[in-house]
Amino acid sequence: MSGSTFGNLFRVTTWGESHGKALGAVIDGCPAGLPLTEADIQSYLDRRRPGQSSITTSRRESDQVEILSGVFEGRTTGTPISLTVPNTSQISRDYSEIAQCYRPGHADYGYDAKYGIRDYRGGGRSSGRETVGRVAAGAVACKILKELGIELCTYTRAIGPVEIDFSRFDPQAIRETRTGMPDRQADEAAVALLKEAMERLDSVGGVMECVVTHMPPGIGDPVFDKLDGNLARAIMSIGAVKAVEIGDGCQAARHFGSENNDPFCMEDGHIVKTSNHAGGILGGISDGSPILIRAHVKPTPSIFSPQQTVTAGGQETEIRIKGRHDPIIVPRALVVMECMTALTLVDALMANMPARLDSLRTFYEK
Amino acid sequence: MSGSTFGNLFRVTTWGESHGKALGAVIDGCPAGLPLTEADIQSYLDRRRPGQSSITTSRRESDQVEILSGVFEGRTTGTPISLTVPNTSQISRDYSEIAQCYRPGHADYGYDAKYGIRDYRGGGRSSGRETVGRVAAGAVACKILKELGIELCTYTRAIGPVEIDFSRFDPQAIRETRTGMPDRQADEAAVALLKEAMERLDSVGGVMECVVTHMPPGIGDPVFDKLDGNLARAIMSIGAVKAVEIGDGCQAARHFGSENNDPFCMEDGHIVKTSNHAGGILGGISDGSPILIRAHVKPTPSIFSPQQTVTAGGQETEIRIKGRHDPIIVPRALVVMECMTALTLVDALMANMPARLDSLRTFYEK
Amino acid sequence: MSGSTFGNLFRVTTWGESHGKALGAVIDGCPAGLPLTEADIQSYLDRRRPGQSSITTSRRESDQVEILSGVFEGRTTGTPISLTVPNTSQISRDYSEIAQCYRPGHADYGYDAKYGIRDYRGGGRSSGRETVGRVAAGAVACKILKELGIELCTYTRAIGPVEIDFSRFDPQAIRETRTGMPDRQADEAAVALLKEAMERLDSVGGVMECVVTHMPPGIGDPVFDKLDGNLARAIMSIGAVKAVEIGDGCQAARHFGSENNDPFCMEDGHIVKTSNHAGGILGGISDGSPILIRAHVKPTPSIFSPQQTVTAGGQETEIRIKGRHDPIIVPRALVVMECMTALTLVDALMANMPARLDSLRTFYEK
Amino acid sequence: MSGSTFGNLFRVTTWGESHGKALGAVIDGCPAGLPLTEADIQSYLDRRRPGQSSITTSRRESDQVEILSGVFEGRTTGTPISLTVPNTSQISRDYSEIAQCYRPGHADYGYDAKYGIRDYRGGGRSSGRETVGRVAAGAVACKILKELGIELCTYTRAIGPVEIDFSRFDPQAIRETRTGMPDRQADEAAVALLKEAMERLDSVGGVMECVVTHMPPGIGDPVFDKLDGNLARAIMSIGAVKAVEIGDGCQAARHFGSENNDPFCMEDGHIVKTSNHAGGILGGISDGSPILIRAHVKPTPSIFSPQQTVTAGGQETEIRIKGRHDPIIVPRALVVMECMTALTLVDALMANMPARLDSLRTFYEK
């Protein structure tokens, strides 16, 4: 069914398979007047590109984006923005094995059960390459947020058992380390762990965190379009994410109310909270504190050691996955998480505009 | 804006405030021919009713549902089903305090920031009473799932640090214990913890789990309407939920791929998995294994000890919350989680029907 | 399926059957801060009430509306507004005939073909009484438009072959004549025609027109949410409407381009058109001129003369419809047309707010 | 805002401007298993191509479609189908005039009022070229309808005052005449009229009709997603359409009930109607008779005679439109009407599948 559209007002439709001709996205509802060039988008695509270090796949995906519509003389016009990224480096090879049997940890079986047909080349639509469309569109959402003074920072919080130490938090390290960890010591430990896993033909999971600062209060629409609910859906829809937390998340369940409640106080004439266990969202509405979202990512399901599985015809068999696969998903998924967050926020900010009659009246009196 | 509608095909719109005249829901798109009486719905509402034990509020909420449309001669007709639950026991009292200042851990400030006006009586729309509409509608979804042979079981997995021991799992205990824990020993320990917290004018958090069995494979719509993504949104939209996990959830991030992947095998001619780390969903599509969803719930924000806060006018002050409040949200929220899960699943099952041309052809050849 | 919701941002869900317990609507997304009482809505419901003259049915439908949620201290709060209208005067009688056979010109057969079950009492959901929900919700939309200075005027343009003469256009006559014609001479001729038809146990069709003034330019969202497209859907969804025209409508097809194009000119510093063949909408976007919409309404299908039909079981038979039915739909449908127009316009005005980055920026700099 | 998506389950998003790099559409929710090649789509695009006769523009638009995703080994996979049509023959010329002033009868002013920026080259998104995306997607919908045995026939019913004579109805003539009229005599008269108008630098309007046969009864979702309402929106959203009729349409308003009601009778064991004034839709639900839709199209607004207008800066001026423009829109719009009808029907057929519990139960018992 039609699950490839995200958002109500800032609405993104993505398309494309791992080994098809191209991948892309159409953004409908982008406000007119935003300066936009391919370079704005390219920098985000570059952040999800593989082949950038010893711990990512050696596949080369140049992933050059082209804007086909919706921009005129360097500015968005309010009409749909069509973005395409040609698939240039997909290697033609023998897919007979994954064509006929189901890879553990992958969506192969589900797609067959649902559709009765499956583009098995590289996983088709269920491949991680699907996120190219999300990132291309999300880059535009990020640019809008920047125009509004809202900032996003996404980093690796843990790889396997290796967690960052916030006392060593180094924002510059996010883009400079191979793991996206803002802690160079943790990064080194994580890289060692990853190399060891690769040698064992295995893979590793991890945790990503996105922090949104300068978000205005009052955003999010109770009761089913709560900001945290919509963020949870957005982030959980990224392949391999198995848990989403807001603020203290799972820990909140172990706290007493007196610990978990964040007192309000005044600061420079503004209402703020003295702590942020809530992660910037109360009752589904932003409260002006930083929004904190955490995603737990399973290890890459494509591992090279032999695995037990079945064929589409119902025969038990053993599969050995070939090809080039990252031993961990997290570092390249950081930008995907940031983009999905941005898409959710822009949509919520737009949806909030007619929340008060006064706003409508002011708007149309102009 | 308009966030009170859930679902695309089985579409539920809820309405009502804590101290308004009534609460309710309209179900649009319920399949015709379902036998339905008020008793079917009442039994679910009774599960969320307070005043049932020493660890819930002594408020009496009779919460009698009435069906106003969409049912004829005991069966649904396919037209909208309007359900209302009158508010009968709201005590008129002095709300001047919460009218003027913001309760920590509550949505008061967010509502004011968003709408500039707020029905402060009992928290208005942001009250837990809002879930009356979810449960009334969810009961109908649960009945449809039963007709399809799909079963849901929801229980308390932890209260504060007290976790259930799966070796003592006793399904009957879920409805019989005050905590909803399927482990009578854990229940006793949890009740002791709760009583102690109540004495300290404090509250406690906890963890709920919902298990769905006999779910057919192939349900869920990539890439943004993935079943896990939509479940995450549904569950996170329940007030006080701060984290959602699917299957192994957070733990998956600490596993190696070789541990986390579930091998496929054959059983009685069907494709099954030998383990279920995935929690019944791969690539956003159900895989036929039980679906496992876990929700982490913060402690009740309404605590009776004094708290620091600010007034709407920007004055720092101290608030002492009055009234009757549960020391823990989890036991009464179990049925809400079950209902939100059911609403998500029914919608996904319906959306899946036209996924194949063959299905359309067979359907319209009849 | 779920077709009972109208609008994206100002979203209305209606429910109820002709002979059920009540009818109603839930408005989700109404801006906060609108002064609203039941009297605001009642005056619109009164306009669609029958039993008001010799040419409408003698049925008494008191149709008293009650607001159950979403309004606090006389103002909307931004939360869903639930409106109910109890069914008080439905006469219990023998429906065995229409239970078993299909009335020509009615939806009976379609409902059976679709749902396999049908609430046959008074036509159930397909009755004209369904519009009670539309009018209750539309009254709120009309109030918002008034706050923005936008005015709607809806009148009867023709009844059978009797058309109004614009040279005698008398706006006061709309509410004072039995037909809703703004021309007392035409009204008299129409009433004579209707009486004659009633004597022959027959019914008559007619034409309604709605004129919207002071609509700002720039409203409507190309290419599928064009303002004229959405108005056409809204108006065509009123039972018995068989054609919708915008501006010159059908006549435009017979004109040359040089006649049909409206030249632009300046007036008091504003861009206006020297004529309005377009009916206020160009390319799906309002152009600042009055919006002109015309609806052609078929004669009441419930006529008292015997008609040929079939039973649900497939037997040919003759049906004689009993009960109380208007000989013409138009006069009571005027307010329905006005309300559907208002719902469409409010939704479009809200959707337009984030069309420019500048608007977003100004809004969130506040 | 985001108005470029059509449909709920079979969901089409179009994009592209007249003089951009390309135009296209993404189809999301196409059932899996449909045989599909570019040739299937190309034949529909060829029907809207200009330059095919003396009465269409001499512009050459080769309009070659490419499928970029969603099809594997000749069949649809259920994933989004991305279709692109490069813009190859847009002539670079001086647009300074239409850049600065508003063409009468066009959307230029509306776009500026809405977005504050406008791609003026060839009308940008408001150009008739926008329909390339509709036709590309609609061709796929048409193919699905064919698989279900549903047929569409669209023809020119009138050009200016020249109407076809149904006694001479010749279906073959639709594709063979320059006007799309199924009456060779009327075609000749119409061509003479058009040539005369061209000499006078003027343009002509006309009427299109689409007839759908073998539509199953029971399709359409009351009360706001009625089949006729959704068709009206779909057809009215085609640029230049100013009126839409269903069945007898406007004429129904002049008939008595006894004339307009269609009696039911039995034929070969099926329920049918002895006449079809209703045009195949009663109460918003298909009744099994042919669906009849009529669209009234204004004359081409781009005429070559001088016209009075204003500049964006508010100066009155005279404009002389240059370029190549059809003297009539109808012949090339026939396929657009057919495609919009098909898109509406496929979506309604899919939405109808879960209307009965029995259908759900049968589907999931498989």
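Letters A, B, C and D mark the chains as written, and numbering starts fresh at 1 in each.
Throughout what follows, a contact is a pair of C-beta atoms (placed from the backbone, for glycine too) under 8 Å apart; a residue touches a chain by one contact, two chains touch by 3 or more.
Remember, predicted model here, so these are calculated numbers, not experimental data.
A.B. asks: Suppose chain centres are the mean of their C-alpha atoms. Which chain sits farthest from subunit A?
C.D. replies: Centroid comparison gives C as the farthest chain from subunit A.
A.B. asks: Counting a repeat as over half of the contact pairs in common, which of A-C, C-D or A-B repeats B-D?
C.D. replies: A-C
A.B. asks: Could you put a whole-Å number on the gap between the CA centroids of subunit C and subunit D?
C.D. replies: Taking the mean C-alpha position of each chain, the two centres sit 26 Å apart.
A.B. asks: Taking each chain's centre as the mean position of its Cα atoms, how many Å separate subunit A from subunit C?
C.D. replies: 45
A.B. asks: With centres defined as the mean C-alpha position, give me the subunit B-subunit C separation in Å.
C.D. replies: Their C-alpha centroids are separated by 38 Å.
A.B. asks: Going through subunit B residue by residue, note those that touch at least 2 other chains and give them in order.
C.D. replies: 1-5, 8-10, 14, 29, 32-33, 76, 78-79, 111, 114-116, 125, 216, 222, 351, 354-356, 358
A.B. asks: Show which residues of subunit D lie in contact with subunit B when the two form their complex.
C.D. replies: 8-10, 29, 31-34, 76, 78-79, 144, 147-149, 216, 222, 349-351, 353-361, 363-364
A.B. asks: Which residues of subunit C touch subunit B in the complex?
C.D. replies: Touch list, subunit C to subunit B: 1-5, 7-11, 13-17, 20-24, 26, 28-29, 32-33, 66, 68-70, 72, 75-82, 84, 111, 114-119, 124-125, 350.
A.B. asks: If you look only at subunit D, which of its residues touch subunit C in the complex?
C.D. replies: Counting only subunit D, the residues touching subunit C are 1-6, 14, 102, 104-107, 109-111, 113-116, 125-126, 130, 158, 160-161, 197, 200, 202-207, 216-226, 228-237, 239, 242-250, 252-266, 269, 271, 273-274, 277-279, 282-288, 296-303, 305, 307-310, 314-316, 351-352, 354-356, 358.
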